[in-house]
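The first chain written gets the first letter, and so on, giving A, B and C; residue counts start at 1 in each chain.
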Amino acid sequence: MQKKLSEIASLVDGKLFGDGSIIVDGVNGIEQASKSEITFLANSKYTSFLNNTKAACVITSFEVPKEFKIPYILVNDASLGFIKVVSLFKPEDKKCSFGISDKADIAENVKLGKNVSVGSFTVVEDGVRIGDNCVIYPNCFIGKNTTLDSDCLIYSNVTIRENITIGKRVIIQSAVVIGSDGFGFVKVNGKYQKIPQIGTVVIEDDVEIGAGTTIDRARFDKTLIGQGTKIDNLVQIAHNVTIGKNCIIVAQVGISGSTKIADNVTIAGQAGIAGHLNIGNNVLIYAKSGVTKDIKDNQQVSDYPAKDHALARKLRVYINKLPELNEELKRLKESLKRLIEENNK
Amino acid sequence: MQKKLSEIASLVDGKLFGDGSIIVDGVNGIEQASKSEITFLANSKYTSFLNNTKAACVITSFEVPKEFKIPYILVNDASLGFIKVVSLFKPEDKKCSFGISDKADIAENVKLGKNVSVGSFTVVEDGVRIGDNCVIYPNCFIGKNTTLDSDCLIYSNVTIRENITIGKRVIIQSAVVIGSDGFGFVKVNGKYQKIPQIGTVVIEDDVEIGAGTTIDRARFDKTLIGQGTKIDNLVQIAHNVTIGKNCIIVAQVGISGSTKIADNVTIAGQAGIAGHLNIGNNVLIYAKSGVTKDIKDNQQVSDYPAKDHALARKLRVYINKLPELNEELKRLKESLKRLIEENNK
Amino acid sequence: MQKKLSEIASLVDGKLFGDGSIIVDGVNGIEQASKSEITFLANSKYTSFLNNTKAACVITSFEVPKEFKIPYILVNDASLGFIKVVSLFKPEDKKCSFGISDKADIAENVKLGKNVSVGSFTVVEDGVRIGDNCVIYPNCFIGKNTTLDSDCLIYSNVTIRENITIGKRVIIQSAVVIGSDGFGFVKVNGKYQKIPQIGTVVIEDDVEIGAGTTIDRARFDKTLIGQGTKIDNLVQIAHNVTIGKNCIIVAQVGISGSTKIADNVTIAGQAGIAGHLNIGNNVLIYAKSGVTKDIKDNQQVSDYPAKDHALARKLRVYINKLPELNEELKRLKESLKRLIEENNK
């Protein structure tokens, strides 16, 4: 596909600085772009990359200094502009429907919407409903009575157990498990007996779930992932957890049972949250934090046990100064000793 | 199914306070139960939930104050009573046998017990033996000469490699890998060469293994998971690890090679244990701990490097007081300085 | 198979101390070996095991004291000698080719090398090229246009998405995901929009990847795993990460987006590295570290935030002495108070 810069500027609602008749045929990163490709630069901090790029044009959200002679398109949000241009040149072929494989195993009592794709060796059990335009890759398992609303994209080797509800436009990366039994046991005469996990999982619209992530079904009721929340790889979400809307949960985070997380929360990589806690709106939990108490709205926490991030930073400074503090104390002790000796003379 | 409260009281060996002729038709959580359902309350701390529940009856292990007019069944262990009642109303349909799918790939030289189920697209290789009543969901792989004893439940997308031994009543959640190669290399002329991992894995009776967990095979001999031990999701168990009986290993824990863990040990979420260590009986390792030394029986440890939990808590208090300590030292220094100046007058 | 000790000594380029006509028929660990088996001992620290071993012979890299009457073969590197002997007695049967299963789903436009094995229920999509002697176990997914060079070994339930490049002799354990979408979103009007991830993953020769590990595809360009690098289980490698040659990445490590790791780096278990960092050659990152800054060549770091390992150890000693320091300060304060009181008399 070939597009003039003027056409692209119009597509992204941007203002073109340069020759609108220049033609580009692809999109790429600023270091990799060839001279027929367009690129983007979201942050003026990386302006120096413009020295060496071969790109035909750059989409930016800041004015490019005149010494760079590269044409550019000024937009409000360079990332958003970039998304539009990528979609123009590389429409996601994975979303192309490939139809129902005759090597899939689909139970008789299944309702499939229009334009659904189901890959080879995927099992769809009794009572499942799959909405329009859903694409399910090979080697997946969709358990009894589970429902997928329209436009979902499920990659290979995914397990979605029985009685699960998945909203619209949900993307599930490979090897995810949704609806595994919650981890609940009671000790009877020295042995653990399993507490039945008869609840479910509800995934709302526009959620994305990263590769290898596990989301356990509730003991009763439901484990809930709110609308627009994005979950990275290898995250563990225990039974009866509730996550609000538009949260970001980075890789290898663990959230223990029955914890409730409100909206717009960001949890950075490898953080852990204990069970039965309440995490407020707009909270930011730094990487590797261990949260052991409720957190109110708008707080930022770090460290283990997690505390106010500014305080945690301050304490780290003091820890780094411990050798100095010990020296100081030693000197003081000696001064005092000398003084006492002098007094006793 | 409909049951009288008197029948349920008898089932759970409990004492009914209320009208035994009341009929219930299901079981649910205290917040979700409808007026024809029975619920339970394990902890008197949550008595306030009784204000709003619609449940017909509650199973408890404490006397319900008279102001709550709800019928209740008093038992020794509410969780255990609950397990019995759930089993009554919702016999786990996943344990229903579904037979051998004609879309499974089962080698000729395989011994299947009575009433075994094998799902579509599951591969069972040569020499495998599967005991009575085992249920293996779709898309699993059971490698050569592996043995499953009776009544095992293996969910979808599980890999159990060759020569593995699995006991009775073992439950394996989806996407688990058992018997992957241990991580062993030796550096020869600057390059790592693989050390063959020719041992196996033995999983004893009544073990449960959570979704996405990986258990490596031994270099020699075996990696061992002892009877009744319960393992949560995304746990890593390295080669030649030995875990005793009735341990609880919470999500995202990692246990390094050749470490030996005794019986009744609890390891909380995201903790890590270095290799070649011995962890005693009844040890409790707190969440996110990093264990670098042997731990004796009955110890509780936390933090990194893991230390006695009471000491770790004490040190945290002192760390939190560091700003104050620095202020104190400063004041002391000034007092001393003034004193010296006075002395010198 | 039966071999004389003299034959084995010659195989491993070692010097035999003992009777060369003794025959052994297998290899095993020093604690498990029977009297017809050979074993090895890499470290003189474990010499005491020689008291109880039943093995016919031990391969070592140090002279065995005379009081142990066991025959031994002295070599430069006992682990390497061991690898050779294991390969002699137990040639890895998993590498035996089993041919192309008629239950695999291989697209028409696929190029298969000589002696390739593809297991049942594995999907190989359009445009894939698989080199000579590759073995792909059941229930895998190989996406469009992905290339595997020769002698790769891919265990069951692995996903390798589209357009990925895999080198020679790469070993991928079960449940690995390669080429899942990177975790990239931009907030537009309060909602996260997905940034298309149109790059790829390149895995160079002789890499091994542990069970359940996830490696995301790049936004543009590629995520790269360098030659000879070995990755353990449940590791998360984010989009656009570059890892050099001969690195060791232990279980449950997480590496955030766009970080560059040089050669011969070792990252111990459960460590995490923030995004956009540069980690130098020969760096050692201790277990559970949280790396938040660039690290220069040859450094060793630990703790969170990661710092020079010797400094981190020193600070820990000071933290352990905090109770004592507080006592000291208290005594000093009292001494000073008494002195001031005396002065004021």
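As a convention for this text, a residue touches a chain if its C-beta (ideal position, glycine included) is under 8 Å from a C-beta of that chain, and two chains touch if they have at least 3 such contacts.
Remember, it's a predicted structure, so these values are computed and weren't measured experimentally.
Two copies of one chain, chain B and chain C, form a contact in which under half of the residue numbers belong to both partners. Relative orientation of chain A with respect to chain B corresponds to a rotation of 120°, obtained by superposing CA atoms and rounded to a multiple of 5.
One finds 26 Å separating the Cα centroids of chain B and chain C.
The multi-chain contact residues of chain C, meaning those touching 2 or more other chains, are 121, 139, 157, 175, 212, 234, 252, 270, 319, 322, 325, 329, 332, 336, 339, 343.
Here chain A touches chain B in the complex through residues 105, 121, 123, 139-141, 144, 157-159, 161-162, 175, 177, 180-181, 183, 185-186, 188, 190-196, 198-199, 212, 214, 216, 219-221, 234, 236, 238, 252, 254, 256, 270, 272, 274, 290, 304-305, 314-315, 318-319, 321-322, 325, 328-329, 332, 335-336, 339, 342-343, going by the rule given at the top. Across the complex, chain B meets chain A through its residues 27-29, 31-32, 77, 79-80, 82-83, 86-87, 90, 92-94, 101, 103, 119-121, 137-139, 155-157, 171, 173-175, 206, 208, 210-212, 228, 230, 232-234, 246, 248, 250-252, 269-270, 287-288, 303, 316, 319-320, 322-323, 325-326, 329, 332-333, 336, 339-340, 343.
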